[in-house]
Amino acid sequence: MELFDVSLFASMLRLVTPILLAALGGAICARVGLFNVGLEGLMLTGAFSAIVGNYYTGNVWLAVIFAVLCTVIFSMLFAYMSIHLKANVIVVGISLNFLAAGLTTFMLRVIFDVKGAYYNKDMVGLPKWDIPLLRDIPWLGDVLSGHTPLVYLAIVLAIGLQLFFFKTVTGFRLLASGENPTAARSLGIKVTRIQYGAVLLCGVLCGLAGAQLSLGNVTMFTEGMTAGRGFIALVATMLGQSNPLGVAASSLLFGLMDALSLRLQGFSLPTHFTMMLPYVVTIVAMLIFKNKSYMQEARKANESSR
Amino acid sequence: MLLQMDNITKSYGSVAANSGVSFNLQKGEIHALIGENGAGKTTLMRILYGMESPTSGEIRLNGQAVSFDSPAAAIANKIGMVHQHFMLFPSFTIAENIVIGREPSKTVGFDRKKAIADVDALSKRYGMPVDPAQKVEECSLGVQQRVEILKVLHQGAEIIILDEPTGVLTPLEVKELLIAIKELARQGKSFIIISHKLQEIIEVADRITVLRDGKVTGSMNAADTNEDELSRLMVGRELVQLTRKTAAPGKPVLEVADISIRGNRTKPTLDGISLHVKEGEIVGIAGISGNGQSELIGAIAGLAKIDSGSIKLLGQETAGASVRTIRERGLAHIPEDRYQWGVAKDATVTENGLMGHANKQQKYGLLRGASIREMVAEWVKRFGIKTGSLSTKAQYLSGGNLQKLIVARELAQLTPFLIAAEPTRGVDVGAMEIIHGELLKKRDEGGAILLVSSELTEILKLSDRILVMYEGRIVGELASQSATEEQISILMAGGKRHGKAETT
Amino acid sequence: ACGADKNNNAGNTPNNGTASGNEAGDDKEVKKIALVLPEKIGVNKFFVLMDEGFKKAGEEFGAEVKTIESTDPAGFEQNLRATVAEDYDLIITATFQAEDALKKVAAENPDKPFAIIDTVVDLPNVRSVNFREHEAAYLMGALAGLSTKTNTVGAIVAMDAPLLSKYTSGFEQGLKSTNPEAQFLVNYVGNFADPAKAKELALLQFDKGADYIAGMAAVGDNGVFEAAKEKGFFTSGQDTDRTDEDPEHVVLSQLKGTDAVAYETVKAFVEGNFSYGAADYGLKEGGVGLTYVTKETATPLNSFISQENVDKVKAIAEDIISGKLVVENPLAK
Amino acid sequence: MEKLKQLSSSLIQPLLAIIVGLAAGAIAIAVVGGNVLETYGEMWKGAFGSFFFVTNTLSRATPIILIGLGVALAFRAGFFNMGSEGQMVLGALSAALTAIYLPGPGWLKLIAALMAGIISGGIWSAFAGWLDARFRMNLLITTLLLNYIATLFAGYIVSYPLKDKTGSAAMAQTVMIDNSAWLPKLFSGMSLHAGFLIAFAGALLLFFFMKYTVKGYEIRMLGGNPLFAGYGGVQRGRMMMLSMFVSGGFAGLAGSIEVLGTQYRYIDGALTTPGYAWSGIMATLLAGSNPLGTAVAAILLAGLQTGGMGMERNTEVPLEVSSIIQAVLILFVSAKITYSFIKRKKARDDNGTV
């Protein structure tokens, strides 16, 4: 079996979707000046509520909507604490991660009366779409076809978000609120409202990310099943400099390396080292995506006066 | 009466920024508001613009009592404000910066083409040329100022507040701005303008109101007054005319020979600059900002790398040396941009004063707290720095007071050489007098000073020799006794008459 | 039904009156017993079972039982010390992770009775119960070797950690014994709680030709099951009988009687039969096992595993029980 | 007087936050049907209820304090070091290996192990600093990523080449350190060990260093405005390497102390699962990077954790709920309750007069 074959790329797409969705959410938050470390917790909330929704409604679409709703409510806590109560965003993010871990475990007990994992073989996950024309393209068809709708939605959202940021009035104002909130406020732009909106959108995206994880990648919930994906999403957000397409590119890079690292396990390298691959490659990739120099950052922070 | 502010009082804790201020404005009028640093001018305007709410008092617009709880409300009532500190989005284009808040749109899409067209039309209509597609971070301060005004005009403001609009502009830019303001006033717009430059105020304003310590100390027609009377009303005392002794230059302290810095475009940023400054002499560098002065200062101070040439301080080569080394050998430096280079806003007055002195104020690596506080307290007294206490954060000082702190700090380094870049930018006339006096004193005591200023009067008043920079080169040297503003202006514009000079 | 205690150490009957002898004889007093776990019960079936057995015994024998989970090793030691300070009559703990802390705390409190499940701590006031999972894994490997059609079988393992080699190595030994030609694929998830990645790895092994992939990834097993359902290969679970979850694909389950052990320990203590020393539970004692081979299950046998093969492996099991065949414990090397 | 006023106003904020946090936690307890007073009582007992539990809490706070101090130093210098976890792990591993394999008397092993921990944590951290200074790689990202690499590397070392093959050999861990090189326990039968004294001294030392030394001053100014510091002659590159090294050194020391004072060997995962690094970062942020405040916040966080354990042991409230309560408490402790309170009050006053 070859290392770089069709299934590698298909596997990459699956692995990357939850990360990409959450990373886009992170990018929106970052664009309004809120560094959201709570992606992991938001995603976990989404994953759990998707399963709960599915359990009660028996309909996978309603489940996704339910997941989005629950995650949005959870994200509003982030917004309220950091925007309204001026709590340190990072502390809020970290504690939300803890809170989500505790809440989902607890609710798992309350709702399903199980510990650790809820799995039901009759539960139906998200459908896999075989896309007629796409399917027939020789190599590409096998990579791109046969995924859950959320995989395609993630790609659409990355592009959509790029358009939203750079082509719409609301997007423009959102960027402005992040670039210089004082100035935006002095122009009568409702910065706070925009920040809430951004966090809300982030909640939607993380809800989708969770739903893809628990109803798309697999059809179950297990405690802590996000397994650090939220932090990887955070890295992708930063590496992509909060540019939706950049975020997508860095997520894909990470996903590819992750998929590759799974395959390299068979070879002579110890597993510990193959597992390092995605992280090492991401660091190397940072050589290309240069950071703004600290001088520029400092200039901006200490805004020139007259 | 278009606008009336009655008995406005605003207190921040125990500080009364405004107490019982009354102020009015007529349609088509240019009304100047002047006063010392910290007199309460900005506060009064922020209240009018809905950014602060007054502790007491009333605002009436066309006779109707109004109260603005946010800038949006003020904007809706056709009041626009150009802030003392630019409120721009550096990474956005000029057009974006101007239309923001009232963007032209196609359904939900932001119609950038129309924005550019609108801005083009706007700038033509009011005679303020800008390139709408250019990014603001790449623009000169003069253009940024124009963007701020165009933004206010785009919002449809009828009352326009300008808080120190000329602080960073070159003489030419100031001239253009004043002309534009007069023209707009003729078209029916009303202006409130704040400035420390009395000469321009008298030139442009119809009426002048003077604030001191939060109270109105006078209000008169511009035609009926003069600079002396205004400064007396502002400062509350008579200003002394500074007299400059003839220079007695000694041996060279700074020798710059043929230094160059490659630019990122085609033109070099610095192109073969040579100059020297001797003991007991002030050398002034004039020039429109953006012609290499910042880079020259950076190179001498060790903040920018040069590509070729040599810089000697007291005979020792310092090109490539660290800032620390250069400072230890004998450099002090009043930076051009006080917020960017001159202070850490979150640190206290004492901590900001300690920079550069730490190595002298220590024993075994431990700071000598008492002696440091004594030192800073002495400056506060000598320069009349208005601050709550020595542990007030620098960001709570008004700009002028912060500037005095920086000047005091750098003069106290007691170095043979001093770079003074825009040493009085944004400070009131009283403070300016103090700073100028201190600079001259240093020179008379044998110090060598390189003065960089976009203020020609300042250059003429302090310098013994004047060098003019244009496009990274020194295009002329003049003796101060014989130099005239006219002469310098021509050189600053690259030898052409300034009417034809590039302005962007 | 657990095997008899195997007192392999002469000096380990209660060495002083304060331990079981006295207290267990005192019927009127309700016994306070704590089960202190070094981890959260969370995703670990093994702990879930233990907790169930423990609680059941508490109810049946009228002891006051309390399960205490720990978030991390440092917290575990603190919990252990706290239960001593809070004066529980018996403190039960489990797994290798508890070893270090128990050695310290038990040595500091020689009068307090302790028990540890799943490893051996050689102290006079500790009763240890150990499992020989590699024996059950051997049977599973042997059965997989007989059943595979593609001559490729795989295992998805939680982590590349020594602990889990008891499973992989036993499995591999069994596999090679019945099918020396078979290829054995092993992949590691990297943690205990990532079914999505476990599934991805199972799909990968399926691509490489495996028709039987054993789940050894704690909660990740669910991901392996799902991959099996999607792609139609066969798989197996751990600890409890999981064949009922999806009889068409989950064809085997390796069993480990932690519930029975916890139950028996409480029972012995309350009834006054508690003794110190090490007990070892393998196939012989019925502490570990494999569905169909050592334990009947309600789920009908999947045709992938024929009755004929089961019978062959039953014979192997007999050999192990009788001691004719010794499965090498990778950790004892 | 001024100072006193400042102090009291700086205390009101956390106190108010704690009260609101407790109220929010009470709701959580009531929702799961617990008795609020009893539950909080047990929580208090588990954290600070007796000398035994106080020492328990302090022992848990020890690594959090040290990590918090390291993070605080880096924050003060303007560098967002999120790599404490990896730095701690490498420090712990080096300390364990030094203590195990270095020949010599116990005290020498102990000191060498502590030094090794500091140095390797420091180097790993300074490496991220170097990547930033040399290649302009965002420190925040590199430090996050380097965590994974460090933990996997340490996991490999103790799973293969230097695995403990004695005893059951089931764990990925090193062999036990000889007890002559252990950090002594402060009280017998309790988990508190001499490492706490080191952490305490570290907090005092860092406090004085930051406040009263030239280098500390330079670091603070660098964090305040790097351009200002550079203009004043502070060398950013050198300072960055120095402060990142010291920052990572603290994390490395935290790991070493856990190994030498609690676990007596390096165990894979034993330092990462408790989330010491995140707790340390939170302590720093809660205390606004003040070293003494960081120590206090770390003890508070540790108290929440040990209190949570106590709550779990002695009430019917399960572990999940105790972690929910902890999270809620932290969440509200971080909130600027006074801020919003004052703002609202101000708005009310303003409306009254205009």
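As written, the chain order gives the labels A, B, C and D, with residue 1 at the start of each chain.
FYI, contacts are C-beta pairs under 8 Å (C-beta built on N, C-alpha and C of every residue); 3 or more make two chains touch, one makes a residue touch a chain.
The chain lineup, named per UniProt: A, D = Simple sugar transport system permease protein; B = Simple sugar transport system ATP-binding protein.
Since the structure is predicted, the reported quantities are computational estimates derived from the model, not experimental observations.
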item: Where chain B and chain C overlap in contact partners, by chain label; value: A, D
item: Top chain pair, ranked by number of contacting C-beta pairs; value: A-D
item: Rounded Å distance, chain B centre to chain D centre (Cα mean); value: 45
item: Whole-Å gap between the CA centroids of chain C and chain D; value: 35
item: Contacts with two or more other chains, residues of chain B listed in rising order; value: 340, 345
item: Per-residue overlap in chain C, given as positions that touch at least 2 other chains; value: 40, 160
item: Residues of chain D touching at least two other chains; value: 155, 159, 225, 227-228, 323
item: Touching chain combinations (by label order); value: A-B, A-C, A-D, B-D, C-D
item: In the complex, chain B residues that touch chain D; value: 53-56, 67, 301, 303, 322-324, 327-328, 333, 335, 340-347, 351, 354-356, 358-359, 362, 365-367, 369, 389
item: Interface residues, chain C side, partner chain A - complex; value: 40-45, 48, 160, 185, 187-188, 190-191, 193-197, 199-201, 203-204, 207-208, 219, 222-223, 225-226, 229, 245-246
item: In the complex, chain D residues that touch chain B; value: 2, 212-215, 217-218, 220-221, 224-225, 227-235, 350, 353-354
item: In the complex with chain A, residue positions of chain B that touch it; value: 49, 51, 70-73, 75-76, 81, 83-92, 96, 100-101, 103, 105, 108-110, 141, 164, 167-168, 337-340, 345, 399, 425-426
item: Contact footprint of chain D on chain C as seen in their complex; value: 40, 66, 68-75, 77-79, 81-83, 85-86, 96-97, 99-100, 108, 119-120, 160-163, 166, 331-333
